[in-house]
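Same chain, two partners: chain A is paired with chain B first, then with chain C.
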Partner chain A sequence: MNTRFNRRGALARLGGILAGVLALPIARTARAAVQRVFVSSGAARGYDPSKHKWLMCIDVNKCIGCGLCVEACKKENGVPEGPYFRTWIERYIIPKPKPGSGQTRGETLVDCPNGGMHGFPEPPLPRDQIEHSFFVPKLCNLCEHSPCVQVCPVGATFDAPDGAVLIDPNYCIGCGFCIQACPYGCRFLSPVTKTAEKCTLCYHRITRGLKPACAEICPTQARIFGDLLNPVPDDPIQKFYEQNRVQVLKPHLGTAPRVLYAGLDKEVR
Partner chain B sequence: MRRFQMPPQILRLVLLTLAIVGSYMVARAFLTPATFGQYGWYRGAALEELAARTPVYAGKKACDECHSDILHKLAGDAHKTLSCEACHGVSRTHAENPDVLPVKLTGSHCIRCHEANPSRPAWFKQIVVKDHYSGKCTECHIPHQPTQSP
Partner chain C sequence: MTSEVTNIVVEVLPRFEGYVYPNEATAHPLWGFLIVLYPYITGLVAGAFIMASLVRVFKVKALEPVYRLSLLTALAFLLCATLPLLFHLGHPERCYEIMMTPHLTSPMAIFGFVYAWYLMAVLLLELWFDYRQDLVEWSKTTAGFKGIIYRIFTVGVTDVSPPALALDVKMGRILSVVGIPSAFLLHGYVGFIFGSIKANPWWGNAIMPIIFILSAIVSGIALCVFNYMVLTWIRRHTVEMRCLDTMAMFLFYALLVDAAVEGLDWIHRIYAAEEGFSVMQTMIREKLFYTLNLGQATIGTLVPFLLLGSLQVLRRRVPEIARRRMIFASAAMILIGVLAMRWNVVIGGQLFSKSLRGVMGYKMEFAGVEGWFMGILLLGLPFVILTVLVKLFLSERLPTSGHTPHGSSTT
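And now, the complex of A and B:
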């Protein structure tokens, strides 16, 4: 038997190894393709993320600052106790200008005691010194170009095809980059799971045809939730567009949020 | 003329490179979750895992199954925009088993929204509680039909 190491034999062995290595990803791709068929047909729950585009409209003129949405969000999503919020309410107080100051308005005060969950106390100013005061509910702005997604080093946070910006809790390493990247402060590091958490638009509710908890519970319908791809008869989203001129938060950042506000003030960031 | 011969150090480098790339591809094939890349650069199964949570709030539709009479009354008056669970609290257990009653309501539920606060919009009905009345809200107002008196 010729056991000498020759070029032909070496090349053949090398070719064998290469073919084996290449076969693995091919097998995997085939497996994924099979799974994809299963997933799309296995959508027995009837939810296909590519057939929806969710958005939230918020009418600041309707928010009464009761904090029911914040409480509902905490209960629905098991948000940890303490200063951790997936949605919260800010109170803006714009005082009258000091006489002779030459300004149109005084310096804006913003407060948010416990996320507004238990309502708001009397403002720190006497009523006659307040020019404007209003509540602004905040949540994930559902950016089209999400800064938080761009910075995630492990692909744990992503823009779902239906417009929700979600976090894969099994993949998140808790590095906190996304928390710094979010210009709206909508993320926090959970002290329980040690991973980043944020508003999921109540993904477990919207995939079952329910409204997110905050929109469900809001007593004045200051929050309107809807689907751009599946307009319903007498669509509240359409009505919102017709009745209001809308605005987004921090438009100069180019994040293209899909949370639209009506009745904002320039002081709101 | 001399025949070209692959210098042995180059051959070793090529083999080493192939070994590194090959082991990377094998490791990648085994370590990447199956649904990674299904919709984009993330694990597609995460969507279903997030959707798998059980909702806590039952929703107005669930209330409508048994209490459509009350919902009808509600829809005809000023509290029409209210969700049942906004006042009655999380009622999923009640929706599944009607014997478990939702939380008992008190006047603090009314005050939570209707206590006067200058930050509240002017169109919204507000009262200064201590100047308004010291008794129970329900003595004069029907919660489901707030513009009517009992």
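And now, the complex of A and C:
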């Protein structure tokens, strides 16, 4: 009887798998090389995206809503005036429940005046009626399975090997499909360039060994930025993981964000 | 409710209720009226083609008077289908990139290819095979500019021997058979552009392509009824009642299936009442009150359904003139209703924040790329093209070769 498994076949299969595994890094490097040549990403010369894996962690408990990050981002990246933000801060105010209402909390109020750039006004409720109030910085969620990349008709939006989700402004046709597909409202159509824009993690900075402008300026270190492939001694990312249980935004959509939050509430979407 | 009316009539500043993400707080939705027109026009193409294929593939002989008109309608609208898309791009000059370097996971990337396939491989070829015998004849008998056009369209093929004509018929039938799935693909795929957006609970829906195809068939048949009646009225001809009644029958059943599937979708949404249901309720009660309840449900579905349904029940007992008026009114209302449906899908999906905490307003301006003027222009353009096509290829003055789509005489 002819058996399905023989030594030669098994060896050939094993060899195939081995070749595939060996080819994977080569393919990744090749993709990175192709992207280096053909893509305008603002990366530094000589930067190898396959040697990094960037990550942003946000500790909601530490954010004081000062808005410096929003301002720094706008200035650093030349974000247009008006309702266009690469990062912004939301304020959540959860009132105490009305007595006898049988509820655990009141109707949540969310605001974000001018992206939180100049801080926040006094809360619209007297302080003794507020149960919780906290600030949530938002930015591109660096999804592992980015819906925006999936839908771009020309491939102008792409996943860089280092985890950043970037847009080639010289290639984007400005159809807006990615803006519709982003569940987090992180993208906008720039009125200046007429192309889609979003947080790039300050790609021009991080590829030169600097932190993104928002993480750099944050006075309370609510934004922690790091590289999973090149941990530093006493790595803040590692520490963040050890000290907190982390969450992501809209996990049910399966986008697998790599912007991780500590201290989120169920009201945050 | 009132804000919707005032938005149409006078200029009001963008208003937001609740919380919207700061990037969503713009005066206009990203996809405006042009993107409403895009699925509308594409749907009319697919529907008109399916109407034509009823004659070719399903051998509904009563519809032969409208066979060529429906094909020409499909062509006129197909030629304009990409214009709204093109105009709304931030960089229209880069549009060729969609076909040069398509990103294969994008539902939008394949549109160029589906469109090209449908235009070049299906519609134009089918029209050419259907018209070939006539073109040869007209190119011999017509002088002047028109004659030159006919000669160009023959592409130098002047063989009208019986085997050649038999081949025409055969090719026409094959193309029709290929054309039906292509028409479904063309429009089902447009539905998928919206249905694939999981970020948006108003759009992300598995049966969106099916809803789009069904409403496309309904609107396409309605457009053929409309065009046929207007054309006969302009030419002071009498409407062939057998043809019109058959069209009305198909229109009724298409509407029945479409309404059933759309109703099912709504029942599921209301019953499941998933995250974001409360914001959807706001949409139905306030933001889309007129276009959804009045436009899509009443004018576009309920009234035509009752009119056409009563005709199916009473049939010939209704006097001819009343039948004609009822069918024409139904077709016109369905055309409005399907436009309202496209509006509700495209604009409706952008009137609430993806934070599901707030709603936006929409004021449509008169001028500008996404304005009323442009919209009316783009909706009128296919009719202008159709007029030219009818003058050239469906003219009363042209002699007919006695050639029918089947190559046999009508019964």
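Definition applied: the second predicted complex is superposed on the first by the 223 of 269 C-alpha atoms of A that agree within 3 Å, B and C clash if a C-alpha of one lies under 4 Å from a C-alpha of the other, contacts with A are read in each partner's own complex, and residues count from 1 in each chain.
Simple rule for what comes next: contacts are C-beta pairs under 8 Å (C-beta built on N, C-alpha and C of every residue); 3 or more make two chains touch, one makes a residue touch a chain.
Bear in mind the structure is a predicted one, so any value in this text is a computation, not a measurement.
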Partner chain in contact with A:F134 - chain B first, chain C second, else both or neither: first
Contacts of A:P231 with chain B and chain C, given as first, second, both or neither: neither
First, second, both or neither for A:P83, with chain B first and chain C second: second
Partner chain(s) touched by A:Y171 [first = chain B, second = chain C, both, neither]: both
Contacts of A:G16 with chain B and chain C, given as first, second, both or neither: neither
Per-residue touch tally on chain A - higher for chain B or for chain C: B
Partner chain(s) touched by A:R28 [first = chain B, second = chain C, both, neither]: first
Partner chain in contact with A:R269 - chain B first, chain C second, else both or neither: second
Touching partner for A:G155 - first (chain B), second (chain C), both, neither: both
Footprint overlap on chain A, where chain B in one structure and chain C in the other make contact: 155, 171
Parts of chain A lying in touch with chain C, wherever the complex brings them together: 83-85, 88, 90, 109-112, 114-115, 138, 147, 150-155, 171-177, 179-189, 193-196, 253-254, 269
Of chain A, residues touching chain B in the complex: 14, 17-18, 21-22, 24-25, 27-28, 31-32, 35-36, 39, 45, 47, 49-50, 61-68, 72, 75-76, 91, 93, 119-120, 122-123, 127, 130, 133-135, 155-161, 166, 168-171, 200, 202-205, 207-208, 210-211, 213, 216-221
Chain A contact footprint on chain B (complex, rising order): 15, 18, 22, 25-26, 28-30, 32, 34-44, 46-47, 49-57, 59-61, 79, 81-83, 85-86, 90, 112-113, 115, 117-121, 123-124
Complex contact set, residues of chain C against chain A: 18-19, 21-26, 30-31, 85, 88-92, 94-95, 97-98, 101-103, 105-109, 111, 193, 196-200, 349-350, 353-357
